[in-house]
Every structure is written in C-alpha cells, then in structure tokens.
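Structures incoming, each one as structure tokens.
Each of the next two complexes has chain A plus one more chain, namely chain B in the first and chain C in the second.
Then we have the complex of A and B:
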C-alpha cells in the first residue's frame, strides 16, 4: 500500500526547546493510526506541523505524493487534511449551523454541502435541536461531536484528531469513537493522538508510542500490549536498551 | 428638543461608525489601529483637492482613496507584523499615523483648508414642529443605514461569516480554510469605507480639514470602543453612539459656564463606567489565547 501521508525526519523546535526529533511516520489510505504518549511528548506538535499550524524545523511531509511542509494552514484543508485540535475549538459565539457551514468553507458544491449538513443534523438530533444556538452553549461532548462533524464537512481525505476523548465521560467517549469509526467506513483515513492509550489501541490499525519527541515503539495493538518495553516507552523509564532519552 | 436629539444622534452615529471601523480591524487581527485617524483625514483632504468638481465624483474618489490607502497600509506596514504581540502592532500603527500626518503637512502645510462637500444640504426642514438641520438629519440616516448594511453583511453573507469566525478564533478559522489575507483585507476595506463616510459627513459639519482632522474623532472613538468592550462590534457601535450622544447632550444642557469643560465631564463618565465595568459594557469572548 502506498503511503497517503509520509513524514520523514520531522523536527519541530520552539526556541531552544525541541518538541520533535527526526520523526518518521507513514499513514496509508484507509488506515486508523494512533499516536499515544504522555503529556508533553510532542503529539500535538506533530499534528500541528502536518496541518501547518507550527513551522517544521526540518524534514519532509508528503501528502498524496506532494510536499506540504511549507503550506499555510488554510491550504492544508484544501489538500484534504482536516484537524480537530485539542480543546475542541468550536467558534463559541457562532451558531451550531454556522460552525458546520464554516466546515465547508473550501467547498463550492452547494447542493452537496446542504445534503451533508442534513446528514449530520439527522445523525445528531441534539445538533439539529440547538442549531440556532451559539455553539459555546453546548456541553463538552456535544461540542466534540460538532467539531468532528465540522471537520468532516470539508470532506477530508485524512482526519486528524488531537485528544478527542479528553475531559469527556466514558459514554460520550464511546459516541465520539463511533463517529470516528463511521468516518473511517466512509473512506476517511484517521490519524488520532491520545493520552487515553487503551481507547486508542482498541481502534487503531497501528499505534506509535511518542515520548520526549521520539517515536519509541510502533506496532499493532496485539504486539504492543505484549511488548515488555511498552510501559518503559510510554512512561519514559530508562532501560538498558533505551539509552537515548534526551 | 427634537433638534437636540437629531444633533445628538448624528454625532453618536459618526462616533459609532468610527468605533466600528476600529473595531472591525481589532476583532480580526488584534490591531488597535491608530492610523484610522488618517483613514479619515486623507479622504477629507481628497474632498478639499476635488472641491469644485461634481459632488458625487469628489465623494466617490475620496472613498476610493481611503480604500487604497487602507489596503496599502495593511500590505506594507501590518502584514509583515502579523501575529506579533498587539503592543508592537499598536506602536506600528502610531508610526503609520505620524508618517501620514506629516506627509499631509508636507503636501498641504498645517493650516486649515475649507471643504464643503455637502453644500446642497445646507438648509433645514420642519419635522414634528421643529426646525431640523438637513445635514444632521442626513448624517443620522446615513449612519443608521450603514449600521444596518454592515449588520446584514456580517450576519448573512459568506464573507461576513468568515469575518465573524476569524474574530472568534483566527487560527481555527484558518484551519477550516478561511483565508487570512482575504479576511484581513476585507476588514481593512470595510474600515476604510466607514472612515471615508465619516470624513465626508464630519467635514461637511465642520467645514474645514487640517492634518489632525481625523485624530480628534478617532481618539474619542477609541475611548468608545474601550467602553463598549474591545473586540466586540456591537459594543463598539453602542459605545460610540453613547459617547456621541452624551457629549452632545452635555453641550446642550450643561450650564453655559461649564460648557467649555464638557470633555472633562465626558471623560469623568468614562472613568466611572470603567471603574464598574473594567472589561467594558459588552466584554468580548474571543480575547483568550488561541491554539
């Protein structure tokens, strides 16, 4: 399978602090790939660099065979990459409908946009019920649904989600992940970042453990769960083999 | 009494438009644009230069000049600074303002120049048993029409939706595909349109222009945006309107001995408002940190 997203030697720095050290990562079309790791591991920096929110310091990012390393963020969504950032980021003063319509900013097929809108409003009756209310008044879980639906309104090839389960109750987390699996069924490739390792391992085709800006371990849920190094990689414990903790 | 109200509303309307011009740019890029003063002064000078030509042409040209000036300022001075902290951008806008003001002194010297772009409106009409100055009535109506038009634009057009989104969360809007350059350029164009209208109406009332012509109104409008709540357009409009109305009413109803000090009373009220509502009357939501 050829890679949809191909990241090589990606390096991100904030001043003198390096967030990512030469990260390599591939995502194939149709896959669900998860990146797990503790707080401050560089997960958000990784997604931000792909979306163009933070500039990369070195390396290459190819999407569908095109170099997208230096693209401004309003262009990455036009290439088919949608990011649902950490903390949801609804546009709180705009209505639910306006939020959804902004998701389709890049599209010109008005009729299809309308039918996509209807589809999401049908799937989430709570969004239909509150469509003319400011999005800031929705509960955390409803906001998470809204921003995922909004991201999907751009009809992305790849959906990136940063901590979609953060701060949500277990029942809502299930709904959020149902939504993600649905999108995958429609053919959307998923790249998800999670601190909730168990949740991510359960759905991902492949999982990478990121810690201290380095990918420590990669594999499927089964191989990772049985790997004696998993905990060390996740929690950043030094082991005899793993002497490169920066 | 009606005459006084029309007077108050027309002044309030002018301050509201000016405050909105400042607020539009502030809301999308957190730039408190002090050079808005010159967005008002320069088209007023255009009216002076073009006096003698047909009124429509003079007004159209001054609007066009204001828009071009705003776009040039954005491109040359503010775009390279985008994303830098608001204090730096504020200082840069001082620099732009000073530069343009000195340029006007250089080109026209600093003495006042007569303008009368709306001489046709010199008369007055009888309305509800009161003599109403036609120019003031026109000013009031124009301001009202523009406020409605701007509201419709922001609320019901695609550009307007993108601008409101950018005002709430600029980074998130860009991630959704809203083009930063286009939104900011739109804000500058709208701001310049409002400034040019203020230039026409205000210079018609005062009858002259000078290099600090825009500054006198913009300083007050800045106060108005702070009272209304920085970064909130409704607040800016209401703040501008209130400041204009209060200042006109003070002028009419203060004892004659105290009238020269009406600004002291005005700012005393401003201080009172800010003591009790330091965030302004309508605090903005979108001022917190972005992603």
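Then we have the complex of A and C:
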C-alpha cells in the first residue's frame, strides 16, 4: 500500500536551534496516526512543516506522490491537507457561520458546501443556535469544535490536528475525539499530535513517540504499552538503546 | 423522501432566505439615511446644499477607504492620491478644448482636441485610479502594520510630487481651472448611494469574507486556503475605483483642481472620519462622515462667530478650534473606544449587529 504522506529526512531549524532531526514518517490513506511527546519535542514543528507554515531545512515531503516541501499553507490546503493549529484559532470577530463558510474557501461546489454546513449545524446544535454570533464568544470547547468543523469544510484528504485536547475538560475532549473518529469514518486520514498520550494511543492505528526532534519509538497502542522503552522514550530518559537522548 | 423531510427542508429553506433578506437590512437603512439627508438638504438654500454635497463627496471617498482598510485591517494613507488620479483624468477628458488650450498647451493632440461626456469621464477617472492601484498594489500588499503605513504614505507623496510637477498634463503647481461643474446634491447623493451599494455587495462576497478572515487571524485564514495578497489587492483596487469617483465629483464640484487639495489634510480628515465612525463596518464609515462633517460645520460656524438671539450673547471661537477639536476627538476615540462609535458593527432594526 503506497503512503498518502511520505516524509523523509525532514529537518527543521529555527536559527541555531534544530527542532527536527531527519524525521521519517509515513501515513497511509484511512489511517489515524498519532505523534506523542512532551512539550518542545518538535511535534508542532513537524505539522507546521507539512502544512507549509514553517519552511523545512531539508528532506522531502510527498503527498499523494507530489512534492509539497516548499508549498505555502494556503496552497497545501488546496492539495487536500487541512491543519487545525494549536490554540483554537477561531476568527473571533466573524460569526460562527462565517467561520464555517470560510472553511469552504477552496471549494466551488456551492450546493455541497451548503449541505455540509447543514450537516455540521445539525451535529452541533449549539453552533446552530449561535450561528450569527461572533465566534469569539463561544466557550473553549465550542471553539475547538468550530475550528475542526471549519477544517473539515475544505473536505480534506488528510486532517492534521495539533493538540486538540489541550486545555479542555474531559467531557469536551471526548466530544472532540468523537468528531475526529467521525471524520475518519467519512474517509478522512488523520494525523494527530498530542501531549495527552493515553488519549492518542486509544484511537491511533499507529503511534510515534517524538522527543528532542527524533522519533524514538513507533508502534501500535498494544506494542507501545508493553514496551519497556516507552516511558524512557517519552520522558527523554537515557537508555541503553539510544545514547543520544538530550 | 418522506413528506416530513420535505416540510423540514422547506422550513430550513425559508429560514435561510429570511436570513438572507435580513442581511440586506443594514444596506437599506444606510441608503435611506443618505436619501433622507439628500431630500432634506434640497429644501435648504444653495449654501447649505453645497456643504451637504461636499459631505457626500467625503462619504464616497471614506467608503472607498473603508473597502480596503476596514476589511483588511491594513493601514492606508494613499486613498486621496487615487482621488487625485480620478479628478485629473476626468478633467482632461471632459474640459472644453478651448479651455485646455489656455491652461495645458503641451497636451498630446488627440487629448487636446477631445471632449467626452461627464459619465465617460467619471468612469475613466475611476478606472484609471483602479488601474494604478493594481500596479502599485502588487508589491505592497504583502505588508501590514507599520510597513503598510509607510508604504502607502510614500505612494501618496509620490503621486503628489508627480502630479505637482507634470506641468504639461496637470498644470503643475498652478490651479487647473475650467472643469465643467455638473455636480449637484442629487448626483453626488446618488453616487454616494452607489458607493455604499458597491461596498455592501463586495462586503457580502466570499472574497471579502476571506479578506476579513485574514484581518482577524492571518495564519488561520491562510490555513483555510485564503490567498491573502490576492484578496487584499482586490479590495485595494475596488477601493481605489471608488476613491477615484470621489475625486471626479470633487473636481467637477469645485471646477478647479490644485494638487494641494489631494494631500495630507484630506487624508487625515478621511481617516479620522473612518476611525471615529468605526473602521470595521460600512455603517461606521457612514456614521463617521455624518458625525465629523456635522461637527466640523458647527465648529466652522462658531469660528466665524454669531449671536444667539435667545440668550442675547455673542459667540466667537478662536481660529483653529475646529482642527483641535477633531484631533482631540480622534485621540479620545482611539483611547477609549478603539472600535469607533459603531463598535465595528452594522446597523439593524434591533440595533447594532455583531
């Protein structure tokens, strides 16, 4: 099976600081892939480089066989990659409806856009109720739903989420993950980055542990949970297998 | 599909179409206000009518400024320069050949001999402003914040210098006289309404939604696929067209053009109007023009001085009071109500909408 996303030797640097060292990663169509790791592990840099938010310093990124390494983010969404950035970037001064409509910027099929809109408003009655209010007035959880819905409005092939559970209560986190699983059922491939390792392991087909800009460990939830290396990889402890952990 | 589904769909559809109609309410109110002012002022004497006509011309220009600055959130000092382009292009196309021969001896023959009707001249003036905006906008639309402010101020300065020294075409530092003065309170009012309609239609478009999204959060907008430079350029060109039309009316209102009339004073006046009214909404642009024009007129009368018969006192304000009050008002708004009088919202039947 050929990979939807194929990342090889990806290197990202900010000035003198290297955030990612030659990372390899594949995502196949229909999968949920999770990247977990502590703060500052390079998780956000990884998603940002794929989406074109930050320039990569080296390596290759192929999506559906096309080189997208140098593609700016407004073009990568046209190739089918949608990013939900960390920190719930709703457009606070625009209404809920305008936020959703904005998600369909790249689409020209007006009728299907309208029915997608209706679908999200049906699924989230709170969004329908407050559709003409500024999005900045929604609660944190509602804003996160709105941002994910906005990303899905572009009908992406792959949805990337950066810390979707950050700062949300447990019940809201469940709703957010229900939404992600729902998107997967519709055929959207998911690449999710999380500090909430347990949550990510529970849904992911495959999980990678990123720490210090290097992928330390990869596998399914079962193999990782039983792996004695797991905690060391996650918390960046010195291990016999890998002597260069910073 | 069952019957129940059909009726549910119909309700949704009716709801949607009602919401669509409701979206037109701000436009209808603004048009009614301008039309009301036009009808009311036409009952007064010629002096009052001319003051209101000048107010309508400011309104066109401020609406043009709003189209770009309000929706993009990017500072723009160049709008008056596009007024100048519209004014001079229309003047050159509509002045009588004999008059041109007196003031502008170095015009190319075809232009010296030509005389077009006012509408052709006006549209050409607007189109010329839009075309120049397209060319100068291309490199500067990447900028925002201080960079955009400095770049657009530079453009205003360049326009001013070029027009002031291109003696063969503009008359240079001398005044250009003899423009046909066809502007009345009626056609200026209708043009103001036209500008409001144009700005509103643009505001409801997908292109403008994308632009406003980039104003709110550029990263989020780009992640949704918004091509920021392109959307900004669209608004910049449309805004320049409207400002160009404002310039056309200004020239044919006064009958005389001087490059000084298109420099810093009106630039800051129009920006004050937009900021005081609230630069994030079309209602704000209209309210700002009405409030500032009215206030400026009252202060002007006060500076001239007059007697209040009822109280038997004579009022006379010191010269320059008007400018000081306007500057203080601008300062007060920026400090205490940065979103302007309207708070950046549009007017509706139930008050202001978010």
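One rule holds for everything that comes next: the second predicted complex is superposed on the first by the 245 of 246 C-alpha atoms of A that agree within 3 Å, B and C clash if a C-alpha of one lies under 4 Å from a C-alpha of the other, contacts with A are read in each partner's own complex, and residues count from 1 in each chain.
Here, contacts are C-beta pairs under 8 Å (C-beta built on N, C-alpha and C of every residue); 3 or more make two chains touch, one makes a residue touch a chain.
Note that the coordinates shown come from a computational prediction; the quantities given were computed from them, not determined experimentally.
Undergrad: Using the superposition on chain A, tell me whether chain B and chain C clash or fit.
TA: By the criteria stated at the top, chain C and chain B clash after superposition.
Undergrad: What is the contact status of A:102 with respect to chain B (first) and chain C (second): first, second, both, or neither?
TA: Once the two structures are laid over each other on A, A:102 reaches both partners.
Undergrad: Pick one for A:133: touches chain B only (first), chain C only (second), both, or neither.
TA: Second partner only.
Undergrad: Identify the partner contact of A:118: answer first if only chain B is touched, second if only chain C is, both if each is, neither if none is.
TA: After superposition on chain A, A:118 lies in contact with chain C alone.
Undergrad: On the A-aligned overlay, A:83 touches which partner chain: chain B = first, chain C = second, or both, or neither?
TA: both
Undergrad: Which chain A residues come up in both lists, the one for chain B and the one for chain C?
TA: 51, 53, 72-74, 77-78, 82-83, 85, 89, 91-94, 98, 101-103, 105-106, 150, 154
Undergrad: If you look only at chain A, which of its residues touch chain C in the complex?
TA: 51, 53, 72-74, 77-78, 82-83, 85, 89-95, 98, 101-103, 105-106, 118, 132-134, 147, 150-151, 154
Undergrad: How about chain A: which of its residues touch chain B in the complex?
TA: Those residues of chain A that touch chain B are 48, 51, 53, 72-74, 76-78, 82-83, 85-87, 89, 91-94, 98, 101-103, 105-106, 136, 150, 154.
Undergrad: Going by the contact rule at the top, pick out the chain C residues touching chain A in the complex.
TA: Residues of chain C touching chain A: 12, 19, 206, 209-210, 212-213, 215-217, 219-228, 280, 344, 353-354.
Undergrad: Contact residues on chain B for chain A in the complex?
TA: Within the complex, chain B touches chain A at residues 161-162, 164-165, 168-169, 171-180, 285-286, 291.
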